[in-house]
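Read through the structures below before going on.
In what follows, chain A forms one complex with chain B and a second complex with chain C.
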Partner chain A sequence: MKKKEPLIKNPSFQSILTSLLCIILGLLIGYIVLLLINPSGAGEAIKTILLNFLSRSSHAARMKALGNTLAKTAPLLMCALSICFCYKVGLFNIGAPGQYEAGACIGLYAAIAWHCNWAICLLLAAVAGAVVGAISGALKAYRNVNEVISGIMLNWIMLYLTNMVLSGKNVKEVASPYTIKVSGKSLIPSAGLNNLFANNRTVTIAIPLAIIFAILIWMILTKTKFGYELRATGFNKEAAKYAGMKEKQNIIVTLAIGGALAGIGAACLYLTGYQQWSTTQTSVPTMGFNGIAATFLGGLHPIGTIFASFFIQSITDGGALIDKSVYPSQISDLISSIIIYLCGFVLFFKFAINNWISKKDKGGPNVNDVPVTDAPAKSEGGEK
Partner chain B sequence: MDAPYAIEMVNITKRFPGIIANDNITLQLRKGEIHALLGENGAGKSTLMSVLFGLYQAEEGVIKKDGKEVKVNNPNDANDLGIGMVHQHFKLVQCFTVLENIILGVEETKGGVLQMDEARAKVKALSEKYGLQVDPDAKIEDITVGMQQRTEILKMLFRDNEILIFDEPTAVLTPQEIDELMEIMRNLRAEGKSILFISHKLNEIMSVADRVTVLRRGKYIGTVDVKDVTKEDLSRMMVGRDVQMVVDKEPAKPGDVILKVENMTVASKMHSNNAVKNVSFEVHEGEIVCIAGIDGNGQTEFVYGLTGMEPLVDGKITLCGEDISHDSIRKRSREMSHIPEDRHKHGLVLDYPLEYNMILQRYYQSEFTSKAGFLKRPEIRAYSERLEKEFDVRSGQGPITIARAMSGGNQQKAIIAREVDKEHKLLVAVQPTRGLDVGAIEGVHRQLIAERDRGRAVLLISLELEEVMNVPDRILVMYEGEIVGELDPKKTTVEELGLYMAGAKRNVFIDANTAEIEESEAIDTAARKEEA
Partner chain C sequence: MVLLLQYTIIFASVLCLVALGGCFSEHSGVINLGLEGIMVMGALGGAVTMFLLPSGTSKIVIVLATTLFAILVGMIYSCLLGVACINFKADQTLIGTAMNLLATAAATVFVKAMNTSINPDNVSSSIQYIQEKKAFLKYFGGFEFNWFMVMAVVMLVLSWFLLYKTKFGLRLMACGENPQAADSVGINVYKMRWAGVLISGFLGGLGGIVYITAGVSEWKFEMGVAGFGFLALAVMIFGQWKPTNIALAALLFGLFRALSNVYTGIPFLKAMNLPSTVYNMLPYIISIIVLAFTSKNSRAPKAEGIPYDKGQR
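Up next is the complex of A and B:
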């Protein structure tokens, strides 16, 4: 019965194709910008961005750099999963940075002040993120406050709250604005992974953990009753209500889960000892926002976000390696932002491809598949 | 002999991505005739009118006025050509008076001040000439739908339009108002206006139109003189095959009471009054009870209250002997199936495949979900395939077809399959034939009667007069949130039904007990007013 469809019509293939298109276009525009600033070093610079760790001279240095990129991929992936999960339920979790901050706040506090075991710190970070997510969710469900608005505001509230909490005298270094280094059992263990990456201590089990989360999220969304309910609520809230689902509760649970994922993301960075929290920072960490780009570049698919997160983190790190004597120091951020920005065009490209396909087989045999009743209804001006 | 054409649309072709909405269609409107445009939903009527109004540009074909080719690039051009339209959903400003609405956009001013006197005189003259009774100073929100429609007609006449288009004008009217409208249309024709009458109701076309042009699936089928054809001929042209016009059924054999509604009251979301007031009735097994009424008389809110989508303000619902007045939707759905009014808003998750929509009411049951909470995919697939076969639901790719890509008729069939197959004692079917073509309507009616004959109780909520007269065993008429009449479809007439629907007659009264409560409430409010 089933006809063999041409590859171009396969949705998964389309997702991969459009993501690659976005990347190529982003690189192209980045290259043009580099050319405009200083034509002589452009080729070299774009190569550096793409190669990232591969541009290092020795094997050991390469593995160490790769380890660093992977260590930062894990939190990015968790943020992307947070946004991806909520997006599948029809919610745009732009509050991920705020939930990430909450995770960092409680996770770090538990690690530094209470010397908790890393697993407990991770759990507390998840709970903190979940609480912040649930606030947005409850506002949306019961007061119809758009989750984007409440999310953005919570991002700032959580930033300064975190700065305040982590400025406590047991947590912050006396002479610097940074938090005291996490040590001992509060550090996420490497379990030997560090040996693979030239003894890079920041390579921990957080990385496989994040990948396991991606697979888990994918399974929950597509294979379980819970995912069926959540996606139905996301697609059509009214139909979910009609079918007896508790659509309000589902919204809160979704944002709470999204918050937990972002909270774990923060723990995956700060509990590896890769970075300390600066209590004087005045901007929301970009990790949560980059998660949005990773989600879209990953074709809104949990598994796709694994690769997208790695790519985005890689070009960000690669950007930092550009020759600063040729280009101003902001160039690395600029180029990686251009590429990340273009990643947002995935849906646009998908639309364009489908348009092109339907134009190609216009008047094809499948006229019956087209919702005939719907097209003219739109022409009426619909519901005025 | 024949009058010249007022407006012609010749060989119009309009394409949308993936669909040809109008395929080489010719429509010629003579001066001083009533010309009906007949076709099912999705036949391309609205698209054709949008082309005439300049909302869409046709890829091929020309528009001619008085034999000369004209270009219509936007609605202003259409207005300049003297074309006016009464839309299905009126375009009136609710808080303006009738007169203000009529002059809106063409008002005369002197030094920035509105000059109403001249306009008032003209409106008065027009309304007398054509028998269009309106109160020029009444606000739109206070007047009946019929009067709102007359305001729309006056709006066209005030602008001296010669070509008048009525887009499904009778959908919102009572039978009496429909008769009045037909009379008005005849008056307009007598005064030399040319009328294009868009409809899919054969009776109305037979009674008022001179000629009729039939469209089917975007194609031009033909233009015929109404006097040369029968209703059956027209329906065959419209659907493309013979259609059984009368519903065949045995007399009902009602059994035990399944649903009992007592003094049910539901709040309205639109205004502070209750939308459903003190409704009481019973539905027995093996009978179809229909709640008839004009759109917006509380039927939607009643269904929300019954199915649990809105809380009750007051009253009691008993289903199979159990009080369900405050139960959740899920709990009620164990004995109650619900074919919702709006299949896109409530009935389907359009982005889910068909198989997932087939289990929308049952996905949590052990048949489809394992104890660990995983969906049983093979069982779901098999279930969907069985329903598709049994209920003849057609789709491009079977169970994995995205619901959005299915035709309206098949979407509705899928919902009916789901709701009928699910365990239930009561089937609530809300406008189950809305937006379906004649052939599909026939199938839905057969399903409802089969349900009844299986011993289920069926509660049908309908706005379609033909459906109300043919399908149910008992009719309840709802007017302004109350049940005002109970009728036997075999003994009543459309005219009598219309009087009840318009609130002019009633034979069901709230019992003395509740009347007293109302009285005491009235006294309460009076007292409160005095205090203030």
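Up next is the complex of A and C:
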């Protein structure tokens, strides 16, 4: 009979533990910064950031605020899934913001200029994202261009392109830099969900849709032959090639899927009417970069990403609620970026935990210990 | 035309400085995606210095102190990359991205807190330095000369000399090509990589202060440095990790960036009636196309991006 392993040796438990450690350290540093700015209200402020919607006074206001947070969690989750999926295949999809912009561009154009049905807009957004992702993929597969570099370049190209396309006279409001409000059948339907959240129209089926995508991605990666091939390509490109897998095609398909996910993410935000696109923005939307935070905080697991996305979005919204005359609301950006930074140390944390366990078990460090990693091995450098 | 020349040179100076920073870091074997963040921090250091200096300070003191503090803050910030990627072997892409996000957030928080503490009603995220900025400028007719242009040229020459003509530079490059071999002949790879990262912090911080004093007279820190760090990475790759090529690439990219600012003043370009976004996009599009054609036989350091582990063969 197999002896039951203690909980601490379970890799999933270790992932959760290290993520919590990152969060606690991030919050601690955030708290110290608040103390430095003004010690008297720091405790109150950090509480507001953490509680977010719970800090509202009435039940209706609380539900409404929760609805807003959820409405923004959906796009964040899609971006995080995009990055998570590609990372499992050994690709760092830093181009997610660019694919997100492409989705916003086509999705909004279809919704405003052509008055398409929301499902068609969503589909078009996915296709647009996939095309941008596939460009990165093709450059990597056939021209040996590192996907990180091409992704960064495409982020900026797509930002300016989107600004240009959405500045057209029948998509942009005449007097403001914002796009015309999405309305009618182009809005993603609420299907009654708005009634649960104090009649908050921005709460739509985009939220359950994003969660379904998370489960779908997890199933594809772990339960299908297709997912196995992709992960094998990520672990060792050459080995996959000699095992008869089409490694070049796999790279392109992976980034196209990642792009589609990010594109849908944009549709999940802009087609709910939560926000309009500003055609004068000069910086890449942070949604895609926050997706990186959610991915790593979620332990690189699609399901963990759901919770991590909600947490990141919740502290971001909580940051907007603190007393702005004393504390800058960017304090929550500060906390989440510290958390991303600390996520870089996750491997080390796990290594330390395992080292500590084996020391306790055998009274000495285990020489065969290697850091536990869920990330596929990085491909060799010098491939830019 | 004078305006175009002026903007081209100042933008090229920024790109050249930051790209050289990236060049040192990558030659030592560490990919520095955090250049954008280092620039923001350098800019913050310099801007705060200009803001805090008393109004009667002589020009030379303003120039030296601002530059010095920008460099210092840039170097301190680059330590975040060094600790994580060299000592703790963290993922360099992840850490670089985190540093970019962290720098913008931290700089905004710092500036807002500073503004509010001086005047409780002031919640803006910008620092005023319009008077102090004049210390850097000299006018030759219509041409606005900036002392930073000279600094960029000096740094370029120094970088070339350091990288190719000194023992240190050759050792640094060895660590980026084959760290195991470098270690076997007694070079301390960790120390060399730290040196590469710190030099990139030095040049990145300097580039940051040049950027914010170049065009505008006040700077909103929420905006970061508007992608200049990433553009500098493109310049570095376009320049194939060689200082002289980087300088030429910086001039080219600087020209495009300048065009987006002043194209309305040039009759021929105004007649084409292209939106300014096209000029903003051009540098990125060009670098993707060039990358597609040159990456097959890239001159990138062979071991960049791979954490060095003494135990590995």
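One rule holds in what follows: the second predicted complex is superposed on the first by the 335 of 384 C-alpha atoms of A that agree within 3 Å, B and C clash if a C-alpha of one lies under 4 Å from a C-alpha of the other, contacts with A are read in each partner's own complex, and residues count from 1 in each chain.
One rule holds for everything that comes next: a residue touches a chain if its C-beta (ideal position, glycine included) is under 8 Å from a C-beta of that chain, and two chains touch if they have at least 3 such contacts.
Please read all numbers here as calculations on a predicted model, not as lab measurements.
K.L.:
Between chain B (first) and chain C (second), which does A:238 come into contact with in this model arrangement: first, second, both, or neither?
P.N.:
Only chain B is touched by A:238; chain C is not.
K.L.:
Quick check on the superposed pair: does A:57 touch chain B, chain C, both, or neither? Answer first, second, both or neither.
P.N.:
In the superposed model, A:57 contacts neither chain B nor chain C.
K.L.:
Would you sort A:280 into first (chain B), second (chain C), both or neither based on which partner it touches?
P.N.:
So A:280 meets neither chain B nor chain C here.
K.L.:
What is the contact status of A:170 with respect to chain B (first) and chain C (second): first, second, both, or neither?
P.N.:
After superposing on A, A:170 lies clear of both chain B and chain C.
K.L.:
Please work out whether A:37 is in contact with chain B alone, chain C alone, both, or neither, and reply first, second, both or neither.
P.N.:
A:37 sits against chain C, while chain B stays out of touch.
K.L.:
Chain B or chain C: which reaches more residues on chain A?
P.N.:
The partner that reaches more residues of chain A in the superposed model: C.
K.L.:
Examine A:325 and indicate which partner it touches, taking first as chain B and second as chain C; both and neither are also allowed.
P.N.:
Touch status of A:325: second partner only.
K.L.:
For A:224, using the defined touch cut-off, is the partner it touches chain B, chain C, both, or neither? Pick first, second, both or neither.
P.N.:
Once the two structures are laid over each other on A, A:224 reaches chain B alone.
K.L.:
Could you pull out which residues of chain A sit against chain B in one structure and against chain C in the other?
P.N.:
In the superposed arrangement, which is not itself an observed complex, chain A uses residues 375, 380, 383-384 for both chain B and chain C.
K.L.:
Write out the stretch or stretches of chain B touching chain A in their complex.
P.N.:
Within the complex, chain B touches chain A at residues 15-21, 41-47, 50, 55-56, 87-89, 91, 217, 307, 309, 328-331, 333, 338, 340, 345-352, 356, 360-361, 363-364, 369, 373-375, 377, 394-398, 401, 404-409, 435.
K.L.:
If we count contacts the way the header does, which residues on chain A are in touch with chain B in the complex?
P.N.:
1-2, 223-226, 228-229, 231-232, 235-236, 238-245, 355, 358-359, 362-363, 366-377, 379-380, 383-384
K.L.:
How about chain A: which of its residues touch chain C in the complex?
P.N.:
33, 37, 92, 94, 139, 143-146, 148-150, 152-157, 160-161, 163-164, 167, 282-284, 286, 289, 292-293, 296, 324-328, 330-331, 333-334, 336-338, 340-341, 343-345, 347-348, 375, 378, 380-384
K.L.:
Sort out for me which residues of chain C touch chain A in the complex.
P.N.:
33, 80, 84-85, 88-91, 93-95, 97-102, 104-106, 108-109, 112-113, 116-117, 120, 123, 125, 222-224, 226-227, 230-231, 233-234, 237, 275, 277-278, 280-281, 284-285, 287-288, 291-293, 295-296, 298, 300-306
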